[in-house]
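Chain naming follows the written order as A, B, C and D, and within any one chain the residues start at number 1.
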Amino acid sequence: MYRETEVIQTIPGTDEMVLNIGPQHPATHGVLHLVITLNGEIIKKVEPHLGYIHRSIEKMCESLSYRQFIYSTSRMDYLSSHINNHACALCVEQGLEVEIPRRAQYIRVIMDELTRIASHCLWWGAMAMDVGALTPFFLAFREREMINDIMEETCGARLTMNYMVPGGVMFDLHPNFVGRVKHFIAHFKSKIDEYDELVTGNIIFQNRLKNIGVLRPEDAISYGCSGPTARASGVSCDLRKHMPYEIYPELQFEEVLDNGGDSFARYLVRLTELRQSMHILEQLIDDIPEGDFQAKTKAVLKLPKGEYYQPIETARGEFGVYIVSDGSTTPYRIKFRSPGFSNLSVLDHISRGQKIGDLVAIMGSLDLVIPDIDR
Amino acid sequence: MGLRNYLSDVASGVKSLLTGMKVTGRLFLRHHKEKITQQYPDNKDTMVYPERFRGEVVMPHDDNNEHACTGCTACELACPNGTIKIITKFDVTPEGKRKKAIDTFIYHLQLCTMCNLCIEACPTDAIKMAQTFEHSVFDRSQLIKKLNQEGSKIREGVE
Amino acid sequence: MEREELQQIITNKFPEALAAEGGQWLNLQVPANLWPEMALWLRDEPSLACNYLFCLTCIDRNPDLEMVYHLRSLQHGHNLVVKSVLNRENPIITSVSNIWRTAEFHEREVYEMFGVAFTNHPDLRKLILPDDWEGFPLRKDYEDPINMIKL
Amino acid sequence: MMFSLENITNSIHEWLYANLNATLALIIEFAIIGVLVIGLFAALGLVLIMMERKVSSWMQLRLGPNRVGPGGMFQTVADTIKLIVKEGMTPDRVDKLLFNLAPFIVMVIAMVVMAPIMFAKGFQIWDINIGVLFVLAVSSISVIGILIAGWASNNKYSLLGAMRSGAQIVSYELSAGLSVLAIVVLSGGLRMSTIIDAQQTGWWLFKGHIPAIIAFVIFIIAVTAETNRAPFDLAEAESELTGGFHTEYSGMKFALFFLAEYVNIFVVCAIGATLFLGGWMPFHIGNWQAFNHVMDYIPSSIWFFGKTFLLIFIIMWFRWTFPRLRIDQLLQLEWKYLLPISMFNLLLATVVAIAGWHF
């Protein structure tokens, strides 16, 4: 009746065992596969195995024209697809040397900031869910849904908009757009305090994140971290300030920095960035200049022979588009420098010695989007 | 000193927890007024679809079963995924000239990413995006669509 | 720092580094054997302090392979592109993962996509592709009749 | 009172003993009780799962289940039917005996704990003289069921979940016991009926001064942890361990774990209601004769279930508000905060009881 069964294997000679987290796991938000070595609850090593959603977008883009390849970047970091498209459009414009109409610049920046808010909202909900609180997720979606509706009305899609085209934007703003954004700002201002009450101040939440996954500034730089992940370690790297594009130099906003370096600092930086994005939106929404929304470009775009790199600040960090052109209608080589790829590489370094629950919290605070990592 | 810290820790911790419970308690009492989810198939009649929403490429035909597509294949070239395939034929006009026209406008919905580039590329506004979005079918071949209707021809005056 | 000034400093130290004309940033062509020494110097030289490797990739310049390193100095705010041409048949270059840790992942990606072998890399395995994958997908001569659909 | 559960049980008891011989009567009584407990078990599962889903949906501004029956009332019935007809899978490399045994252990323990609970005035299965002690003793066995489930599954997630659960339940048993002891000291008895009778003039929560209030708070926290509920749901920890100790379970075996969880909540809340809120005792205010009289008209079973469900609601409220603790924080909370406080509190309660400072 009783049968001797195989027991869970440990690494010979140690008390350590290997645990596969993912590719299907609630905490990995997608298909990230982590092979972690555990001693009890303590993490000894984290080894990411990527590629479950690798589509080789870089190779695909080599056969697409400069208008066509932009859409594929929405499928990388799908939470900030506008900003990815923006980077591609900017990179092509850099090669074409076209002047973008001022109205288009305003629209682009507004869309970028709305996307950033939507992305951070989703992150906030997912982060709270990672540490076990389920209600914030729905509150975050309430706000995100408003942005999605605005996007749907103006851009025609909710997630993968493909609204940015070389030379400007695809359509003009919808007549309702300004009113709806203003309504959103007023709504969100009253709700963001609820976020603080429900999650930020909560002692369990704070204890789960404080002093967990501490990333020192020199490590953040060495590992190539960018965006809120690096800024939470005190590394000033906001490309909107350091390598400004569009109308960012004219705007009043602060680069959010924190010196904590732990998960809670990353959390606070993102939450403050939400407020900064609102501040940017408030400056822009009232005086969008009249004019063209798209510069005149040729039907078939050809970039002069050369190399173009365009970095942009997405919700997750520095997204770079590196186009090598041989003068034909399609790029010779495209490299997408995705923020998630570098931010993921730091995971092993900062989660060693922490517990499984902490690993989940650290992954949440790094705000990883898996298609962005795999490309 | 140690005891005092200990007690103030406990007090501030409890306070933060009660603040959180206040928020969810407030939401609980407000639940009948505010709903963030929708009963999707039930509210279909009252749902408003934004006119720019991109669900599927369609070719509008007027009452005389005429469309505006000249068969220039600009959309086919603009499409990044090979979604559109246009088969052209040559019509003979009343004046006896041979004129290029579409025979079949094939649209592979299963490949389409709704990027809107074909609509932007179309010089005659012959195709547009429809607001439908329920495209699930049991057989993938049903997603290959012929956009021009049977017996349709090009509208007069469209070049 | 101005581009000319930057070029001056580097070519004084490494006369073999050839600066290319044009491009948005200073573009240097470096022999592969010189690269590890130069990389360390680029990071540690206080006037350059290129401490942030933000992009590492490879280009298949048929027939050669070309490694591209994009460097930024977070203190001084200048950017720098370093390139190194490798032999297609036997592409070997020293890893810079001990200088910039981010290179560890990026080099693994380049290794599987282009087949560039990085010496001194701590863990040179395939990162994205399955372990039994054959061929280097991002090379121009890569053919895969099943997975690549020509439109 | 015209309607009383006490009269019904007494008349059944007398009729059985008058018409049948003693052994047969006892067997029939056992059978009746067995059917009632299983019925209550099923009914509680359905009601509590429904309640959980509605409470969670309302706190999250969702609609919640609303398809099956009016207002989604029969959703859990439909779910239960689904779980019953599902294939009960036993994975290949598990320890089959223990794997299949574990859900039953957990369920049986949840049922046994119901024995000394007084559901209404005079309506109780077994007024055992160590009532409270019995509950504490038996409910702590449930950790064995969880440990067996986690070990037998031969899954690393299950094992981690079970080990966490073991550490957690064993620790929190202490402060739950100590907070219960505070009330035992005040009432002067372990028997459930003694404790309830001691609250004739007022519930312990109100007349027990500070020690009773502290004991109540600690009790609620400790039993939340003991029943593996969020924020102490480390044994399941969905975002960390996918399903924790029941990762490998499906179908009816999973349903038994699920039901046992909810019945355990009911049981601990019933104990809480009995100890701190006077069980079936109506709410009385000092000398307000008219008010007290109106309160007396409400049946005792409604008082009991009302109080129990209030406590269940609070525990559900916790779940949908708080993030989960980490395992070391969980143990830290117990050993650094709850245990010292409850020990001190027991001392305080003893002083209050000896000095007779309570009302």
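Following the convention adopted for this analysis, a contact is a pair of C-beta atoms (placed from the backbone, for glycine too) under 8 Å apart; a residue touches a chain by one contact, two chains touch by 3 or more.
Everything numeric in this text was worked out from a predicted model, so none of it was measured.
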Checklist entry - So which chains are sitting against chain B and chain C at once? => result A
Checklist entry - Does B-D or A-D have the larger number of C-beta pairs in contact? => result A-D
Next on the checklist: With centres defined by CA atoms only, which chain is the most remote from chain C?
Outcome noted: D
Item to check | Mean-CA-position distance for chain D and chain B (Å) | outcome: 51
Item to check | Rounded Å distance between chain A and chain D, as computed from the means of their C-alpha atoms | outcome: 45
Next on the checklist: Quick check: how many Å separate the C-alpha centres of chain A and chain C?
Outcome noted: 25
Checklist entry - Just curious, how far off is chain D from chain C if you go by their C-alpha centres, in Å? => result 63
Item to check | For chain C, residues that touch 2 or more chains besides their own | outcome: 151
Next on the checklist: Using the touch definition from the top, which residues of chain D touch two or more other chains?
Outcome noted: 59-62, 320-322
Item to check | Multi-partner residues of chain B (at least 2 other chains) | outcome: 17, 20, 23-24, 27, 36
Next on the checklist: Taking the touch rule as given, give the residues of chain C at its contact with chain A in the complex, in rising order.
Outcome noted: 22-25, 27, 51-55, 57, 59-60, 68, 70, 74, 77, 81, 100-102, 104-106, 109, 127-130, 137-138, 150-151
Checklist entry - Given the complex with chain B, which residues does chain A contribute to the contact? => result 64-65, 67-69, 71-72, 135, 138-139, 141-142, 145, 152-157, 160, 162, 165, 170-171, 174, 194, 197-199, 201-204, 206, 299
Checklist entry - Which residues of chain D touch chain A in the complex? => result 56, 59-62, 93-97, 154-157, 159-160, 164, 230-231, 233-234, 237-242, 320-329
Checklist entry - Along chain A, where are the residues that touch chain C in the complex? => result 50-51, 54, 56, 58-59, 63, 94, 219, 221-226, 235-237, 242, 306-309, 311, 318, 320, 322, 324, 332-333, 335, 337, 341-342, 344-345, 349, 374
Checklist outcome for this item: Touching chain B in the complex, chain D uses residues 55, 57-63, 66, 317-318, 320-322, 337, 341
